[in-house]
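Same chain, two partners: chain A is paired with chain B first, then with chain C.
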Partner chain A sequence: MTELARILTYQGIPVWRHTRVIQWAAQILSAIVVVALVAWFFANVANAVQERGISYSFSFLSREYHTPIGDTFVPYEPSDTYLYAFGVAALNTLVVAVAGVILATLLGIFIGVIRLSGNWLVSRLALAYIEFFRNVPLLVQLLFWFFIMLVLPPERDGYVIAGQLYVNNAGVSFPWPTGTGQPIATLIWLILAVVAIIAGFVVSRRLSRREVETGRTSYPVLLGCAAAVAIGALGWLLVNAFAGDAPLAISTPEPQGRFARIDGGFTARAGMIVLLIGLVMYTASFIAEIVRAGIQSVGRGQTEASRALGLSQLNTLRQVTFPQALRVIIPPWISQCLNLTKNSSLGLAIGFTELTSVAQTMTQLAPPIPIFIMLMAAYLAMSLTWSLIGNLYNRRIRFS
Partner chain B sequence: MNRYLKYMAGAVLLVIALAAMACQQDAEPPAQSTAPTAAITAPTEPAAMTAEATAMPADSESTSMTNQGDSRLASVMSRGTLICASNDSLAGFGFADASGNITGFDIDLCRAVAAAVLGDADAVEYRPTTASERGPTMQSGEVDIMSRNTTWTSSRNATWGNFAPTMFYDGQGFMVPKNLGVSGMMELGGSSVCVQQGTTTELNLQDFIAQNDLDIEVVVFPDNVATNAAYTSGQCDALTTDRSGLVSTRAGFASPDDHTILAGTISEEPLGPVVPHGDEQWFDLVSAVMSMLIYAEAYGITSSSVPTAVTGDTAIDRLFGLEGSYGQEDMGLSMTAAQDVIRAVGNYGEIYDRHLTPLDLQREGSRNALWANAPCTDCPKGGQVYAAPLR
Partner chain C sequence: MATESNPAPPPLSSALPPPRMSVGAAGWIRANLFSTWLSGLLTVTSGAVLVLALWYGLDWVLLDAEWTVVTTLGGQFIIGSYNSEQACPGQNCFWRPQAALLLVTLLLGMGWGVAAGGLAKRIALIAAIAIALLAFLPYSLDKMGLDVRLLLIANLPALLAGWALARYTALGTARWIVILSVAVFLITLVLLRGVPGVPGLQPVLVQNWGGLTLNLVLAVAGIVLSLPIGIALALGRRSNLPVVKSLCVTFIEVFRGVPLITLLFMSQHLLPLAFPQNFPVNPLFRAAVVITLFSAAYMAENIRGGLQALHPGQAEAARALGLPGWQTTLLISLPQAIRNVIPAIVGQFIGLFKDTSLVYIIGMVDIVRVGYRFVSGNTQYLDNAPEVFIFISLVFWVFTYGMSYVSRHIERQLGVGER
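And now, the complex of A and B:
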């Protein structure tokens, strides 16, 4: 009550001239405007949609899709549902995005480092690479690689290298491990293989810490690899003994039938190869510049000091310059990962059935608005995942 | 001081909450009362949307005003051009030539409508559209007509727009390089087939594969150019699309004789122009223009023999607005619209001969001959091209 009395008897700056009141009022007003705009937008869309008789129900997702998808990394039958087909396509995009980011990062670091090389020719070559690939539109580059790929001979009389590697304009096929008759044995061995790799890492870390602490040479990398291989091999023998069958076999590609289509092994189809080459070349040119900027942001004194301590040029880069440069590199690098993921939607121009391409096909027999909402949500989810991973790593390498 | 502000903020929020509640109470009763009627017209519509739509009465009114108060015919006339979604990469049907002019069978259908409505066959604004863009383009209502080798299907009729009379009967076939020695469609098992995205072709191919249990690898491309490039370079063993499209594509190859179009079709593809839903008068008008082209041929009137004075033949005189009427006033056409149309683009046969005969698409004896000649026993040309009689 006394509070209320105080408010009622308040005598200070008039309310309408009080800064904080004005600030609050402005905040609330703008919030109302934003909410009203969004509501108006949605009502408008809903109205237009209703008047034109466009459906926006998601019920089509459980219907059978009945349309082929060119590239698939998981088994897909035309009798599968729209939802499953959407997932298959999302996986295609995801595979390209992950492979693309890894390759583009490696290539980008390489180009960025040699861009700073003292060798005039090498650094100018890197410069030419960067300026060419980042200044030509990605779609143009993709179409260029697409038509380059078509110059290769067709599948029926393509190149065969050592009887194992098939190169033709439909794709590149190579031997690939496949499971044998017993999927459980394969699965157990794969789990063991993961365990082996983790164990190898642990061993190598332990040994390298010992090396640092005691100064004794401990061969961390060599022994780590040896541990991983040993556990993997032991697992193989055990699984083989219990299941009576090797956990994995090698499937080799081989032409089949009158059209000599290649069966077996793993075939990276033309669309995916072209898209990966295009995305990697393009994105690497940006990453190279980011890497160069990062390395140059590290003070010259750091390099000079480590050289004076007797570290080789490579070791200076690995142990001194690059770890410090990472702080500068990571945030813009995350943006490039996002760009690459989103740019993969251009795959539809060159015949790779990625997410956007499949979604477009779906709009033939299903309402477009829900499909595009799902499409946006899928890209948003992928981008946010990249951001999350990048930001977590960024937090780890920051100076504490 | 702080406490005072807190109270202020609390009071403001309370006012907003009250206002929001009041609004909801306002909106709810009408939403409930209109729900049953809405449910009749659109039974699958979620109720939430109906409520949302009625909650904004001002908006829905303004939207319906623009949609109904302003007929498409009126907006075409005031704009002075007809917006026509077309193809620009299919020789014979819709093709941009070296100087950038789009010509073709489908293009002339748009020109005919422009001549009927605006008196000028050149008053057409073309919107080159890829196959998969067609649905969204029609649904948005941004084009007046789409004449782009589009197959009439029930689902497209339900979602895209109304299909005017079929102007070309087609069917899907396969083309393979001769040196593969394939002699029939059933021998395609184990091959890879190039197909264009967003087409009935893609769906028919899937049905064909499933029905015949063939192991065919499907390679999908977004447009004619990429699809044809992939086929000619041998990335896929066969190319599938409508037979007319195959003929037109093959004619563009460096050595057409190296490719053979396999006998038979796997689908029926009636192609015709589409107009957006929601304006029956416009649909009737476009259908009538197609009738004019067909009946001008049936009556033997070509672009050079369009009558301007009464001829004495009632049917011809009615077609050209010299006697009686076939409903021009109700469609919003001038009485003599057919004169402009036939003078500008010619009759159906002339359009066919101009664009499709050079591609070796035989008309005589095919489904694309006139039906008008058919019902009698002494007219061997009988095909399936017909439209509503003009009377």
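And now, the complex of A and C:
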């Protein structure tokens, strides 16, 4: 009570101008407005749900989906459930996102670096690429590639490059490793291969530290690769000796039958190819600008000093400029990765079954509200994952 | 002897010219194209690729490509099926978007008058002349009537009228231009929508709006609305009131985490449910709401970046001078913060304009959909799809590149990054 009286009479300032009072009033007011608005929307939705008899139960998830999905990376039958089909589509989104991020980053770094090249012509070409692909909607680019793909010849008279790469309107087929008769042997070798890669990294890390500390030339990259290859090859020979069969075989695409359907190898179907080409070329133009800005943010003195120490241009870029530029590059790069993941929802426009397009098909046969909840949860989970990676990295560079 | 071992320098007139290979065109070529053997190799290979690409590209553009597919669509790219018999029965409605365009040109002229030359003049003149030149497209008179052509040419006098208005009346201030811009946007909406009962202005359903006009209307609405909402969200996110802050963070992160295409698709089912049944939740309204909110979430993050980069001394000094909190924010912090992130904001505007191409999800026929519908509906034109989409790309490119050009100009004028 005395507290209240003190506030009310504090130094003659009227109570409605007291900072605390204003702040509390603002919070309560905004909370009331938002809660009222949300409650109104929910009341409307609940009303509509009741009046029009819209279901909001998740029970449809265990029903059979009965709809074919074009591109699958796990076995899928139309008799599988809605939940499984949703998972298949989520996997498709993930595959496109991961492949897209890797390819877009490589292309983006390449274009960003040649944009800064001292060569006028090359730098202008990179600029033209960036200015064009960045300024045209991704949907237009995707439709462009989509129709290019559509008017390619059918499988029977498609293009064959070097007898290995088949390009036609069904997609692009190329050789791909497959397991042989014994899955256990394949699995063992794959585990060994992962071990080999880790060992290679460790060797290269150790050697490069020794090189920095002692100044003795130690060839970290070369010896690291050699270690990885050696362990992998040894594993291959061992598995071969014990199982009597090579762990992996290369399956090459082969036209079969009257319509020359491509069999064997790996076929990236048209929808996925179009989506990947579009996403990669679009996102690479943004990544190129990020890389350029990052490299330019490194002081000129750094480059000059490393050149004066006798490092070659490539080594200057690889060991002096790029590691420093990474601090500036990584945060916007993460947000481009997130954008690429979200833009994969444009698969809807070109007939690639990813999350949004499977959701659209499902809403025609199942209640929309639970589907939307799942859809939002899936996308928010992916974007949270990207933010988490970004935050972890940020923390690492801040404390080092 | 001393004179021999230390000869006097030759007179200036006889000084040797610099080596011919280090100055002039030859010097430039050597420094920029053949500085090292690697650079020379790059020049030769990329030059060869460029020449080949130009050769085959021009060959295709001039000889193989069927541009009739673009000219057949003509007005549909601009306005969709707005002027069709089904949308606007018994009348010619094409004058309505054209009248709106005249008002926009008037505004451009006023901008030129106020800015007195420079970039505003260049943009106004280029835009008006380009529009007027459209009047001389080689269509037959029954495809493109005399009235249409005259209204296009009328953009030139409209530009001059705007310039004169700004020069010789009291309307020639930036404040009036802002007010009039809002007025022109609202008039445009009324003109396009029509007024029931008024002859010549019969209502046209928004479902029939389309083409580039639709993209522009959505982009302008989104830009105008998303900036203030974004500023409010950014301030809310930085406020020390826990309730306000958490509400803003939730909004921003949810809208940034989900793709726009998914939001649009969901709005088709959810927005009609979230409003009372008699509420006019038409596709245009839905698209504008979703695009604005989506863009506002990104805008908030851009502006928050600007606010964070601002030295706290600015706000402290303002408080020390006795400015109340809201004046500190509005007059001291925000102007500097926004100035610092102009490139990011314009980038967001460009993104918003590009994103308007996604409204096909909720059944609106924007410029991209016009092309797509035509190509996929007429199989004889299937082979000519690249022409259509290259044309549409160029249309988008002109607008987006223009926006980034203006942004760079403003940045230079404000001297961002020079202090």
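Here is the rule we use: the second predicted complex is superposed on the first by the 367 of 400 C-alpha atoms of A that agree within 3 Å, B and C clash if a C-alpha of one lies under 4 Å from a C-alpha of the other, contacts with A are read in each partner's own complex, and residues count from 1 in each chain.
In the analysis below, contacts are C-beta pairs under 8 Å (C-beta built on N, C-alpha and C of every residue); 3 or more make two chains touch, one makes a residue touch a chain.
Computed from a predicted model, the values in this text were never measured in an experiment.
In the superposed model, A:P331 makes contact with neither chain B nor chain C.
In the superposition on chain A, A:G181 contacts neither chain B nor chain C.
When the two complexes are overlaid on their common chain A, residue A:G351 makes contact with chain B while staying clear of chain C. When both complexes are overlaid on chain A, the residue A:Q141 reaches chain C alone and has no touch with chain B.
Once the two complexes are laid over each other on the shared chain, residue contacts for A:G244 go to neither chain B nor chain C. In the superposition on chain A, A:G299 makes contact with neither chain B nor chain C. Once chain A of one complex is fitted onto chain A of the other, the partner contacts of A:Q360 extend to both chain B and chain C. Look at A:F259: by the touch rule set out above, it reaches chain B but stays clear of chain C. Contact with chain B, but none with chain C, is seen for A:P153 once the two complexes are overlaid on the shared chain.
Shared interface residues of chain A (contacting chain B in one complex, chain C in the other): 28, 44, 48, 54, 147, 150-151, 348-349, 360, 363, 368. Contacts from chain A toward chain B in the complex involve residues 3, 6-7, 10, 12, 15, 20-21, 24-25, 28, 32, 39-40, 42-44, 46-48, 50-55, 57, 66-68, 70, 78, 146-147, 150-151, 153-156, 169-170, 256-259, 261, 270-271, 348-351, 353, 357, 360-361, 363-365, 367-368. Residues 32-33, 35, 39, 42-43, 46-47, 50, 241-244, 247, 253-254, 256-262, 265-266, 269-270, 272-277, 350, 354-355, 357-358, 360-361, 368, 371-372, 375, 382-383, 385-386, 389-390, 392-393, 396-397, 400-401, 404 of chain C touch chain A in their complex. Residues 23, 26-28, 30-31, 34, 41, 44-45, 48-49, 54, 117-122, 125, 131-132, 135-141, 143-144, 147-148, 150-151, 342-343, 345-346, 348-349, 355-356, 359-360, 363, 368-369, 372, 375-376, 379-380, 383-384 of chain A touch chain C in their complex.
The residues of chain B lying in touch with chain A in their complex are 1, 3-5, 7-9, 12, 16, 42, 44-46, 49, 52-53, 55-56, 59-60, 63-64, 67, 132, 135-136, 139, 141, 155, 159, 180-181, 187, 189-192, 197-198, 202-203, 205-207, 209-210, 217-222, 226, 229-230, 233-237, 277-278.
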